[in-house]
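Both complexes below contain chain A, partnered by chain B and then by chain C.
Let's turn to the complex of A and B:
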């Protein structure tokens, strides 16, 4: 009896000390999250209700004015539309290319090591360097792209890639794809490497063609990876900033403006910290909503299959 | 068991103790030095320009032992962001350089800048050394918040002498003559103007000059100050937009102008290759070209912006800046007295001579410039009845951005001059 009692209290003590340990180990992460995620988030929501240039303490509370302005701001909606276009093209262009490269490289086996490294390079370069590089490639007068097109007699195709409102977004998206494809390629390669070789061998023995193996075995195996990739690329596209900022700055005439570049311009060029925070908060809400919907949808998909 | 825990804990305690003692040593070291630090930030990143400032700081340190100047030099766009963040976080530098005008006014309105008027009144000799026009960009409500330091500059039209000679062209003095030049150059397959308008302030120069030539300097001044009769949809602004679009439609600009980036030298490349013959740009372009392409520099010359038919503006007016970099003191600065002394030493005779050596025109009276190009530019600025500061610097930041956006759209032919003017006026009304 006595022994049993002491065992219970000992267990209780162990449980409470376990909680203590858990709390102690989680505390640093929680504090960091609170300081670097929660606090900025809450304060940017707070700032979205003020008119403030970000200096001193002359912030004016203006209620919903910023939000009403945002709802009527054609530039913001254009930027949002551009973000959506970027998200769709990322999924439709980047992922299939990455998948094809991954499957081919995996098939080529060891001989493809150099190619793997080569294809991986764009991901290792800084966005600013890539941006400056492609600014020169696209230069309408001296850039290799137009010079090459003209040399082939295709003068009609030699366009003003970054300065023409019709092409600026497409031109930058092409570079963004070029930069991001390797990332998804690596993701798919990792997914493929987890497939057991027996499956493949069995299929070959049964006389399945490469085509069938891809569609019936490899692709279903990559299902989870593809879902992750789609989610990552959509969310990444909605928050995108760097290459656009470097290459076009959102211009000309907002034709390649994204929500993030517009936010940056509002805060740092126009000194509208309040309105910039409104854009930032709206961006957060949009990204959050999309993420929630996407997770929900993929979960349903996951249980069905 | 307890013992084991203790012995495990010991190294940790030891490490903490070590860190503590290091911190103690570090702080003791700082106290031992006893130098009061004055931070100084500026946007002068090239070696000669930043050395002029560092030398000035050295002279100050020598005259005022016990103070140490910590200077840092950051390039334009990054510099603007850095300043904004530092002031927003209430940790601004003590002494800093800015472009004056609207953005500096934002800091002044927030009470973050020291009013220099009393300091200047105490030392009229120092005050009177500067060009009178230099104070305009840093004076708000009759109080002075900065001292012009770096350079007096104006936008002029640079041109390739060889190309002009080849096609028998002379520098145009009127708009009609300019349109003739444009037509002749185009007929020989040479683009008239090189323009990198991704940056927007580059194209804005045409707009500012046209407004001045059409309506004179008062039009803009009244519109900014919301004075009676002042408005951004004044016919002069609309007309300026029309002239720009006339030039665009006459193929006045080398292809791709709205996407070319000035910061990577896209417009200069057009000049160097002879594909474009002219470029409207600030006077600094000459020294940039001399550094970048000495061979081309010998073909380079400039002429002032032409007049327009029936225009009210004086063709001797220039658009530019008398100071370029203006030194101010932040209110957070613990030693404003010494900070002002530092400013004086950063703008003393020696510093200004250093700037002459750096191909600049210091914003002070009676300074001899030997370079023939700079001499002509200096004369242009000193003789100008009016020097209009760049709009994007003079306007409140929000309006400045809108001005740049609308002028880029004017160049892109996607906005009518009337609509551009109305957008500006609507924003100016909403802001006041």
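Let's turn to the complex of A and C:
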């Protein structure tokens, strides 16, 4: 009787002490996430119904006004369109280049070490440094790009790359590719490194060419990695900000505007905190929806295969 | 015989692939040469001589000018902010990962799912509220303004990486430690933390590089050189020296140098860290 009782209370004590341990270990992470992620997201939704310049207590509740304005805001839709263009070009340009480089590095073995080290370099630079660097490369008068084109007698092709609304988006996207290719290359290298060498050796013994091995063995093996890469580059493109803000600020005339740069300017240049939060919340909804759809699709895909 | 056939059928691939490697090598490295060459020229020389010409003499005036400015201040701020952030990220995410990997309780899966979902949150949706919060807390434009957001936003992926890692630590080690009389805190400190070394390194490297180069929060939450980090040095100098191209490119070199030097000491470690991080990202 006594023994049973003490066993029960000991068990209870153990359970409550286990909860204490769980709480103590999780507390720092959960508190920080609540304060700097959950609360801001909720607060951003709340601010999206408000008209406020960010100073004083004169915030005015305006209901759906911001959202209705957003739906009719040509600049926002242009920005959204640019985000979509960025997403598509990232997938179509960055990923194939990265994949080819990864396969190449993996195949070349030891000789590729120095190449890998050099290819990696853009990943170590901040977007501001890269942006300022390429602003100089693109400089219409003194930049090496135009100087090089003129030296080759291609004066016609020398343009005001960032200042001309026809080229600003393409010029910035090219730099974004320069910045991102090494990241996806590393991702694919990681995927390739988990491939068993026996498979490759068996294929070589069977007389398969490099080309066949790539299409029939390596690419199918990388299926999951490719899906991850596509998802990452689409989500990354929808929330992209840095390089475009540094190089063009979204201009000229919103030609290279993205949702994030538009949001930033609405808040910190036009002091429309409410409207800026509406753009931010819209971005969150779009990114979240895309992520959900993608995950549902890959899950279905995964169960089918 | 078979491989010979392969060679004959696909000669284009065999030439094309190394060619592509060289082209990409040029694409990657040429901008660095441009920066380095130009930053060693005088301002007059950049206007008179062609861009690709070597500087007539090595001119270090631009670098000296940068060093005489508040460069070291920015650098110190970066070391402080990134150092403290990475330390806290590693500690807090390891603690949370230990619970998610090892403790059995009802909410485990739900909580883990919620935390991991944080990986897809676009930062920009949190910007305005975090800006207001920082202002209200009196942290605006201080060294501490960036710590909270940096640690919080790095936690989801770090917890994800470390939980995976800790799941693979053998149960026997934990049980042996418990038999020796170790409580959960001692088990964490003496068994899990030391055995998670490679995972912790991955988390530290992956987040360290990202935060060292972080721009938008630093730009928004600080305003004076006394509290700004290195990426902002480029931004601020850009305003000051907009017409002095070599000086601006000297700043670009100087701000990129610390990470590149660190990378020089352990490329394999850094690349491995990024590999593991990117796969999970």
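Everything that follows uses one rule, which is that the second predicted complex is superposed on the first by the 281 of 305 C-alpha atoms of A that agree within 3 Å, B and C clash if a C-alpha of one lies under 4 Å from a C-alpha of the other, contacts with A are read in each partner's own complex, and residues count from 1 in each chain.
In the analysis below, a contact is a pair of C-beta atoms (placed from the backbone, for glycine too) under 8 Å apart; a residue touches a chain by one contact, two chains touch by 3 or more.
Just so it is clear, the structure is predicted and the values come from calculations on it, not from any experiment.
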| task | In the overlay, answer first, second, both or neither for which of chain B and chain C A:127 touches. | result | second
| When the two structures are overlaid on chain A, which partner does A:168 contact: first (chain B), second (chain C), both, or neither? | first
| task | Would you check which partner chain A:136 touches, where first means chain B only, second means chain C only, and both and neither mean what they say? | result | both
| task | With the two complexes superposed on chain A, say which partner A:160 touches: chain B (first), chain C (second), both, or neither. | result | first
| query | In the superposed arrangement, does A:260 touch chain B (first), chain C (second), both or neither? | reply | second
| request: Answer with first, second, both or neither: which of chain B and chain C does A:268 touch in the superposed model? | output: both
| request: Using the touch definition from the top, say if A:97 reaches chain B (first), chain C (second), both or neither. | output: second
| More chain A residues touched by chain B or by chain C? | C
| Residues of chain A at both interfaces, chain B in one complex, chain C in the other | 54, 132, 136, 139, 142, 267-268, 273
| query | For the complex, which residues does chain A have touching chain B? | reply | 53-58, 132, 135-136, 138-142, 160-165, 168, 248-249, 251-254, 265, 267-273
| Given the complex with chain C, which residues does chain A contribute to the contact? | 18-19, 21-22, 25-26, 28-30, 32-33, 35-37, 39-41, 43-44, 47, 54, 97, 100-101, 104, 108, 115-129, 132-134, 136-137, 139, 142-144, 147-148, 151, 178, 181-184, 186-187, 189-191, 193, 204, 206-211, 225, 228, 232, 235, 238-239, 241-242, 245-246, 259-260, 263-264, 267-268, 273, 276-277, 280-281, 283-284, 287-288, 291
| note | Listed in rising order, chain B residues that touch chain A in their complex are 80-81, 84, 87-88, 103, 106-107, 109-112, 197-200, 254-261, 264, 266, 269-270, 273, 275, 396-398, 400-401, 405, 408-409, 412, 414-415
| note | In the complex, the residues of chain C that touch chain A are 2-3, 5-6, 9-10, 13, 17-18, 20-21, 24-25, 27-29, 31-32, 34-35, 38, 46-47, 50-52, 88, 91-93, 95-96, 98-99, 103, 105, 111, 115, 118, 120-133, 148-149, 151-153, 155-156, 159, 184-185, 188, 209, 212-216, 220, 230-232, 234-235, 238, 245, 248-249, 251-252, 255-256, 259-260, 263, 267, 270-271, 274-276, 278-279, 281
